[in-house]
Structure formats: structure tokens, C-alpha cells
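These notes open a run of structures that come right after.
Shared chain: chain A. Partners: chain B in the first complex, chain C in the second.
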Partner chain A sequence: MAAVNTSVPDGRTRPPRPSARSRRARPSPVSALRWAVLIVIGGYLLLPLLAMAEFSTRGTATGRSLDAWREIGSNADLLGAITMSLELSALTVVATLILLVPTMTWVHLRVPRMRRLVEFACLLPLTIPAIVLVVGIGPIYLWVNYLLGDSPLTLTFVYVILVLPYAHRAIDGGLGSADIVTLAEAARSLGASWPRVLVNIVLPNIRGAVISASIISVALVLGEFTVASLLNFDTLQVVINLLGKRDAAVSVAVSAAALLFAFVLLYALAQVASRRPGTVAADATEEGPTP
Partner chain B sequence: MTTDIADSSPTDRLAERPGAAVQLVGLHRSFGKVRALDGLSLDVAAGEFVALLGPSGCGKTTALRALAGLDELDSGRILVGGQDITRLSSNRRGMGMVFQAYSLFPTMTARDNVAYGLRLRGVGTRTRRRRAEELLELVGLASHAVHYPHQLSGGQQQRVALARALAVQPEVLLLDEPLSALDAKVRAQLRDEIRRIQLDVGITTLFVTHDQEEALAVADRVGVLHAGRLEQIARPGDLYDRPRTAFVAEFVGLSNPLRGRARSGELGLLGTRLPLLPGSAFEGPVRAFVRPESVTVDPVPDQDQGHGAPIGRVLSVSFLGSLCRVRIQLPDQDPVLAQIPKAEAARLSPGSPVRVTIRPVPVFAEPA
Partner chain C sequence: MSTEAPPEAVTPPLGPASPGARRRRLPWLLPHLGLLPFFGYLAVFLLWPTYLVLIGAFQDDRGRPTLRNVRTVTTSDYLHGFVRSIEVSATTALAGSVLGALLAWAVAESRPDGLLRRVTVASCGVLAQFGGVMLAFAFLATFGFNGVVTLFLHDHLGVNVLSGGTWLYGLTGLVVVYTYFQIPLMLIVFLPAVDNLRPEWREASMSLGGSTWAYWRYVAGPALAPSFFGAALLLFANAFSSYATAAALVSQGSPIVPLQIGNFLTSEVALGRGGAGKALALGMIVVVAVVMSLYALVQRKAATWLR
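Moving on to the complex of A and B:
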């Protein structure tokens, strides 16, 4: 399409504006760069997954086979480890939230001068290598096993410590982004006890942060290998490692499945976190009388 | 209880439980080396609307928060309806409070916000829903019951907060600068609305503000706080016309601090004998606080200069609508402000000579 010079009131001419079709035909440099970055990063992330898919579906003869993937459902050790890791994830999330949310809320509302100290304590596990941590807690776990049995679920204690830095960051961000102090004072002046303030006011307002903390905790627990292996517990990653020595295809299939599962789980949690009040029917918020 | 509630209007119900008298006795509160409250004592009658006025850091919000139980006291006593509530936790004090910051619960609708206090008291779903809607109607937001706070304007949010505070039928309503975040027009509207509702329900109300116009316009009495102490508490007109301290004279409204000499309870100033208010310095050199509307200004033809009252020069004329504010430089005094009708100000321009006199109204004076 021919370009036409257009006159402006002062008599000067300005360059023709590109038509919609020509704009579509020639992407802007920014747009091209955006696509290039997307393709490079997408390739970087997807290639290993595709390689895993390719490797885990190699048949013994020519063609493809899903035998390795079928093995996931029939291997009792693997199923046990998957169940165990999921239980560990759930327990770790619950324990972390029970420990952190009330503590951090209390510090935020009542003793803000302690915030730095709590932050320091929570960030400490980041600075301690896993091997050092295991050496330190090994003797403690002798007592834990003696008192609570030797179930891998006892790993919850150490996993809570491992997720503290990440969960603390997420929850601290949530508490900082809402004016929790004023909201809590408003609720108190209306007659709310501190537990009610926590449940009715604080938690709904830091829901996104709590879900973020949960996502991080789940991801960390599902992927944790070092501590579980050194303490001789059979979690998903430990079993995958053992399987890899016996049957590489099954091991890779399980890894790929674990990645997919984690992605779906985290995506679902993120979707829940992104829901905003006001997008649901108001009546849905009605609750029964509070004692 | 719920049957009664259902059968009467929210205003009637709130009026059935009139406000309680409030006594603050010798309140002390320090934050480090800063004394926020320094022996504050205040009596508020049942059903009275008292505004606490003062500059930033004078302790007015600290006093209100102490009354609400949100801040602890170093010493002193708080009595509501004759009962000592000093050690009672904030959630057991039964007071309604509206905060300066928007404090609606973001995850609840306007109706749920208003009903929250009732929910805590175990009121049934249907009853509390109806009462919440009645209160929203009282503040003019019945049609916004299912809106979330982020869907409401600032003024609407503060209205809902007021309805929420009133829903629990408190004996005392505490308003902590609830209008300061609003624009001027909404502020004036909501201010009048708060007063209307307060008069309707007869609830004892303490209103903290740094806005003099707000305090003087709505309160039965205005208490002026300074450095953690109550300087004076009086009806708005008395506070303005009969200040008892230099701080009140200077802080409330505009005033001209003028130097003069007091003798036997009178002050000779710019050719006028002014009676001195109780509490003033009655003898010797003083600094008197004269309201701009007490200053009269007359243009002086050149040939008349040197006769009668002192001649000053107009520095500036500011238009205020029906009135104008004129700034005048007098010999041996700081510049003086005069507030005169627009028609009179039309004869003045910067630099023109004027004769300045003062109406013989009582003034407050402190030793110079």
C-alpha cells in the first residue's frame, strides 16, 4: 500500500503512519527480541524434558515404548516413596505455617523490634550446608527415632528448618503489603480475640503469601535428596536415585513425572492464590454465627 | 434481644443505649524520651461530642488509642460509665472506632464488614445481615452492601467504617482523624453526616483531628492538647473568643501577636483600651493576641498622615470570597493581619497608607 504524506496545520509534513497491515508484516525490534528470548529460554527449559521423554520411551527393539512409565504404577517402592514424599510435603507445609504465621503475625503486630532477630533466625539455614546440617542433627535424630519411631515422616522436622528462609520471605512480604496492624486493631476494637484476628483477618489478607510459602515448601520437599539420603530415609528422590542405578529408563520417567506433577500442583496453587475478593459472589462469603 | 433489634430502626436502637461518660485521669505515656501524654485529664459527659485538637505529636491520638485499649499507659486511669477499664483488653471495651487509615477488611463486602462485630457476638446470620443493611442505609450506602472495599471510594469506605463501628452499639465512639485522607468536599459532607448521626443516636463521641474547622464545626466542646496536656476545653465559640493560654490563642484561628503594656487588667494598644481575659498577664509589658477580624483598617489621605491612630502600609491583600485578608506593616510591630469586607478592601492596594485601630474586645496577653 502506497504511503501518503499527511499535512499538519503548520504546513509541515510528517512521515506517513504505517498501516495496520504493514505493522503486522514488520514486527518491531522489541517484539522480535521478546520472541527470541522466549524461544531461547523455552528451548533451554524444554530440551531436557524432551530428552527425558525421548529416553524414557525408548523401546528395547525399534519404535517407542511406554514400559518405563507403566513401571511407575506397578513399582511398590516407588509408589510408597511418592506417597511418603507427598505426606512429607503436606506435613512440612502445615508445620511451617503453624510455626511461622502466628509467630510472624505476633512479631509484626506486637513486637516489631524483634523482626530482624526472627528474620536472622529464619535465614540461618540458608548459610548452613546440608551436610553440616545433617552432621549436626544426626544425634538429635537418634532421639527422634527412639521417641517417634523411624518413619521418614520424622524428616518433617528438618524440612521445616530447610524451608524456613523461603517461607519467611513469602509471609513477611504478605504481612508487609497489607496494613495488618490497622486491620488487627479494627478487629480488636470490634471485639475480636487474638486467635480470631489471626483466622478472620490476617490469614485471608495474606492468603497469597501463605500459598506462595506452601508452593515453595512443596517444591523443596519433593526435590530434596541430600538430607533424606544421608539420614537413610526413602523419599521420592532417594528412590529415583536408586532406581537410576537399576533401570535408567524408569528413573528418568519418574523424574519427568515428578516434574510434571510438581508443575501441575504449583500451577493449581498459583491459580488459587491469584483469586481476588470481589470476583466471587458476595453471598459466598456469608458464614454462620461465630461463637 | 434480637427480637427488639428486629423491631426498631437502627437509630432508635442505638439511642436506646445512650453513650456513657468518659473520664481520663492523669494519663501518662512516654515513648523513649518523648512524653506523649503528660498528665492528661479529661471529663466527657454522656452523649457529648468532644473534639481533641492539637498539632502533630501533641498526644491526641495516643489518648484516643489508650482509651480504645490499643496503647498501654505508664500511669493514669480511664473510666467509662464510672467503671475503671484501664486494664481491660481492647476487645472487651465495647467501643466503636473509626481509624485514619482505611481499615475495612479487604476480603469482606461492605455488609460483612459492618456485620463482623455482630458475628463476633454470636448474632444470627439473618439478623446481623438485616442490621448491617440498616446501618449501611443510615450512612447512605444501602446500595453498596455487596461491594468490596476496593470497589468503594475513600469517603464510602469511611462511611462503612462508621457503620461498622456503630453496629456493635458501643457506649463510646472514637474517631481518629477519619476524614484526613478525604478531599475537601467529601470531608465537609462526611463531617456533617457524622454529626447528624451522633445527634440521632446520642452516643458519646471523641473525635481526634488536627483540622480546626472540623473540630469547631461539629463538636459540643473542643479540647486543645499541647505537649501531652490539655491546654483548654470549651465550647467552640468560647475557645475562639476567650482563650486561656497563649498556645490556644495562637493555635486556634488566626491571631496577631502585638506588643503592648498592661495596666490594671487593661491593655493600651494602637490607641484602644482592651480588656484582658482571665489568665492573662495584667501588669507590665505583654504580648497580646488580637484576632484579624478585630483589626479595622481605614485608608489615609496623604495630608492626614501624622494625626490619630498609627499609620501602617499595606503589604498585601488576599481575596477570601466575601472577605479579604490584608497584611499591614506597622511601625515597631510585626506585620498585622486584618480581615475586612471585600468592599472595604477594594480601596486598598499594596503600599497604600492605612490607619489601623482595634475593636475593644477582650484579648489574651502573656508576659512579653
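Moving on to the complex of A and C:
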């Protein structure tokens, strides 16, 4: 997961793309090549996903059966893990925002020369693989578990670190696109306190960026396996993996459901990004149903 | 958690644009205290663990300095683990970057706000970053012992191609599944660069009598090259750091470094040999740091075109 440039739309309003480009008539060999690429590579990407649908609906003899999908709703371990992962992602989002938004706003307004350092610090987790982090984090988690108990929710502390690069990118874009400095100065000169500036002035202006950061964090936490499994916490991915040893069909069904859920999240993220104030709202006719 | 908003005490009454006489009396450092919670958190949950890995790699079980861990890691089977890890990462980075770049080109030619583009970008985001265990199961459903493709080939062609799916659980399987998530990652990283190719460049090339081939060979190709190599490096680091997919897929042994490290953390046998695990982790940091530094260099070059 070492992507610096992710699909997270940063808040910067992109310059309008040249639109004359794809409209022009082109020689057909290029167009044919383009479709061949789309079909072959797209097909390769789709094949395992379709196979999941087939595999998880296999009946006993010849017919189809939704038993594996029904099992998701009745398996207590699985439901517990899903709840746990959802709670974890909510907690991670809150903690990340509490840590990052005030800090980055402060840097933006008061200590701009620290900006590069904060950015560097936020990108650091990309250079330190999660598996390496787990190796060193044992002693720290002894303390965390001693102080806060042995709940899987304590994973939040590491997850905040893991989502840092992505959340930073989103929020940085948001802060860059709104004229926070002027607004904050105006509010301060009218007597607003710093917390008030943060809540009433900054937050509403970077709402889109905050939503982007939240969605990417949720998706990342729901998909995380490395840290949870090696610290022995039963999150969704850990349970999917364990279940796979016993009942592959159910594991495949949950995996498909989780991927679908992540897709809906990211598609919604793209929609949110295109509705950002300041950008032209997407044409309503272009909104197809999510497949 | 110590993640409160910057304390009121460090905020002088005047805004940043009006450094009055009163401000000058305050120590210069004071506003920087607002960053303490952030860096404090990072120190505890990122820098301290990393420090423990770095130090632990050079200590024996009683905390005395030693080079034995590093020697273990650089001489035995663990060294092969590094070689295999690098081979897997390089192969999948190469395949993923070429195929992903082709896909990015095909998608960039479509309508900017079209459904094809939006669906492709969103699904690539899912497959590239949230796959892990789930992708391993997707491939078990496809090429595993009872996978769709395995059964299809067996039933309809009557052949036991690919030895019934055993290849999936070893190194070959890793390469195939890793490539599967490298392609979407390449699309996400590389698409902005392709988007930035100016139509005027193509027009200029055409009006000077250049063919499509000449345009790609002399204009678009060189302009995209730094971004392409940067993205390929990123893909390498991505594959090299991955643990989840391999852990869910590989059934026997620990062919690659992340699995070897995982082994150290979970198995009883490895108890009391934590130093070697940390030395392995140190090796991973070194490799990824080298790759990411190269990435930063290439990225600087790419930025000249991405303006």
C-alpha cells in the first residue's frame, strides 16, 4: 500500500481538462487497439471478481445456492468481526481528524515553515512497511494493553499511523484551495478564539477534504490484515482468512461483499469530489447506477 | 489521547499578519508548541517502534550489541528470501507498470467525466489498496483446486492444465496475484501523467508531418518516461511491503521476507531469536528506503513536465 498518488481526490481544483482531445476523429487502428487493451486487461481484472460470484453461489448438485451469502448474516464470529471493524474504522477516522486537522491548520496559519517537515512525517509510513512496524510495536502495545485493556479497538493507534499519508494528502488539498488565512484573520480580528476559528471557520471550508480523508480511512481500516493478524486481534480480514480454511465459499462471499462495499465507498468519494464547491457540478445525465 | 487542539496558552493575541511589538517579546519557539501533540503521537507510535527495530537488529537477547543477527540474515536461507522478494517485486512491478500504463492510456482517451472512467478509477482504487486477503480468495475461487477456471478447463478440455491449481499456492501464484493488484495501482498513479499530455503537442507533431508513431516515440514517450519509472518504483515498493495476500495464499514455507518476519512474530520456534526478525525488518526498511529515494529523485524530474 505504498502509493503516494492515490485515488483520493485532493481538494485542489484541477485546471479544466482540454476537451477537444477525445472528440476528434482518429485513425481506426488506434481506436481498435484501445478497445483491445480495455477488453483484455479489463477482462483480466474482472475474471477473478466474476469467479467469486460463481464460486460463492455454488449449489450442492447443479443449481445455484445463496447459502454462503446467507451464512454471513448468521455466523456470529463474522458478524462480531464486521461490527468490530466498523467501530475501528469510525474510531480511526475520529482520531485521525482530531490529530491532523488542528495540527495542519495550525501549520497553515501560524508556522508555515514547518509544512515540509509535517508533510515528510506524514509520508513516512509509506517507507516503513506495516510488517516492520508490527515488529517494533510489541513493547508499546504491552503498555497500551496494560493501560487501556486488551480490546481490538486499541488497534486505532496504529491505524491512525497507517492512514496518515492518505488523510494528509486529502486535507492538505482542502487547506490549499480555500483562503483559510484571510478568513481566520478576519475571525480573529473580530474576537474569535482559536478553537472557534477551527470549528466555525476552517472545518466548514474544508468539508469536502475531510469527507475524502474519512472515506479513504474507512476503506483502509476495513481492508487491513497485517497488523491485526500479527497482534492477534479478530478483525474482519483476520476472520475472513480463518474462515477460509474451513468454509471457502463463505470466505469468498464475504470478500466479494467487502470489495463491493469498498467500491461503493470509493465511487461515492469520486462523486463527493466532483461536487466540491468551486467546481462545476457533474451533469446529472452522466450519473449511471453503480454496477 | 494527547490529541487536543493547540492549547490557548501558546496563542498570542495578534494574528499572523500583524507581528506587533508585544509578539517580539514572546520566544520565537512558542507557536511551534502547537505541533507537540502531533509529533508526540508520531514519536510514540511510529518513530519509537522503528527505533526499536533498528536497535534490536544489532542486539542479542540480553540487549548486548552484536552483529550476529545481521550475519544470520545475510548468509542463510533468509538471504534467499530477500532475493526471492526482490525478484517477485521486480517482476510484478514490470508487468504491472506496462499493463497498467496501457490501461491508463486507454482510459485517458475516454470522456473525462464518463462512466467508464469513473467506474475504472473507483474499482482500481479498491483493487489496488484494499484487496489483501480478499484478492487471495478471489484467486482461490478462480484458479484454486475448485476454482472456476480450473474446473472449466478440466471439464471441457479434459486436461489437467496447470496441475490442478497447485501453482497458485507458491511463488508463481504470488507473482500472478501481485500483478493483479499492481495493474490498478499503476493506473491510479500514472493516469494523472497521461492526462497532462497536452493536445497541442500532438497537434504540433502532426502539423510538422509526424506520424502517430513519431509522436509517441519523440514527444509523448520522453515526456512520460520519468513518471513511468517513478510509478514502477512505487509498484516495486508496494509489492515488496505486502504481507496480507501472501499470508492468505502461500500454504507452505515462507518464501518471501514479509512471511519470514511474520513467522518470527507468531511461531514458538522463533522465540528468543527476535533479533534476527528485527534484522530482517531492518533489511526491508533499507530496500524500501533506497527505492523510495530513487522515486523522489525521478519524481522531481517528472515534475518538470507535470506542470
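As a convention for this text, the second predicted complex is superposed on the first by the 216 of 291 C-alpha atoms of A that agree within 3 Å, B and C clash if a C-alpha of one lies under 4 Å from a C-alpha of the other, contacts with A are read in each partner's own complex, and residues count from 1 in each chain.
Rule of thumb we're sticking to: contacts are C-beta pairs under 8 Å (C-beta built on N, C-alpha and C of every residue); 3 or more make two chains touch, one makes a residue touch a chain.
None of these values were measured; they are calculated from a predicted model.
Asks: Contacts for A:N205 in the overlay, against chain B (first) and chain C (second): which applies, first, second, both or neither?
Replies: first
Asks: Once the shared chain is lined up, is A:A178 touching chain B (first), chain C (second), both, or neither of them?
Replies: After superposing on A, A:A178 lies in contact with chain B but is clear of chain C.
Asks: If we overlay the two complexes on their shared chain A, which of chain B and chain C does A:I161 touch? Say first, second, both or neither.
Replies: Once the two structures are laid over each other on A, A:I161 reaches chain C alone.
Asks: Once the shared chain is lined up, is A:R34 touching chain B (first), chain C (second), both, or neither of them?
Replies: After superposition on chain A, A:R34 lies in contact with chain C alone.
Asks: After the superposition on A, what does A:A130 contact: first (chain B), second (chain C), both or neither?
Replies: second
Asks: Is the number of chain A residues in contact higher for chain B or for chain C?
Replies: The partner that reaches more residues of chain A in the superposed model: C.
Asks: Taking the superposition on A as described, I'd like to know which of chain B and chain C A:S189 touches: first, second, both or neither.
Replies: both
Asks: Given the touch rule stated above, what does A:L259 touch, chain B (first), chain C (second), both, or neither?
Replies: second
Asks: Just checking: does A:T226 make contact with chain B only, chain C only, both, or neither of them? Give me first, second, both or neither.
Replies: second
Asks: Report, in rising order, the residues of chain A that make contact with chain B in one complex and with chain C in the other.
Replies: The overlap between the chain B and chain C interfaces on chain A comprises residues 185, 188-189, 193, 282-283, 286, 288, 291.
Asks: Name, in rising order, each residue of chain A that touches chain B in their complex.
Replies: Against chain B, chain A makes touches at 178-179, 182-183, 185-193, 196, 200-201, 204-205, 207, 277-278, 282-283, 285-291.
Asks: Using the touch definition from the top, list the residues of chain C that touch chain A in their complex.
Replies: So the residues of chain C in touch with chain A come to 1, 3-6, 8, 11, 15-17, 31-32, 34-35, 37-39, 41-42, 44-46, 48-53, 56, 99, 102-103, 105-107, 109-115, 118-135, 137-142, 144, 146-149, 180, 183-185, 188-189, 192, 195, 198-199, 212, 234, 237-238, 240-244, 247-248, 258, 261-262, 264-266, 277-278, 281, 284-285, 288-289, 292, 295.
Asks: Would you tell me which residues of chain A are touching chain C in their complex?
Replies: Residues 1-7, 17-22, 27, 30, 34-35, 37-38, 41-42, 44-45, 47-52, 54-56, 95, 98-100, 102-103, 106-107, 109-111, 114, 118, 121, 124-137, 139-140, 157-158, 160-161, 181, 184-185, 188-189, 193-195, 198, 219-220, 222-226, 229-230, 237, 240-241, 244, 248, 251-252, 255-256, 258-259, 262-263, 266-267, 269-270, 274, 282-283, 286, 288, 291 of chain A touch chain C in their complex.
Asks: Help me check something: in the complex, which residues belonging to chain B touch chain A?
Replies: Going by the criterion above, the answer is residues 68-70, 89-97, 99, 101, 103-109, 111-112, 116-117, 119-125, 128-129, 145-148, 150-151, 161, 164-165, 168, 174.
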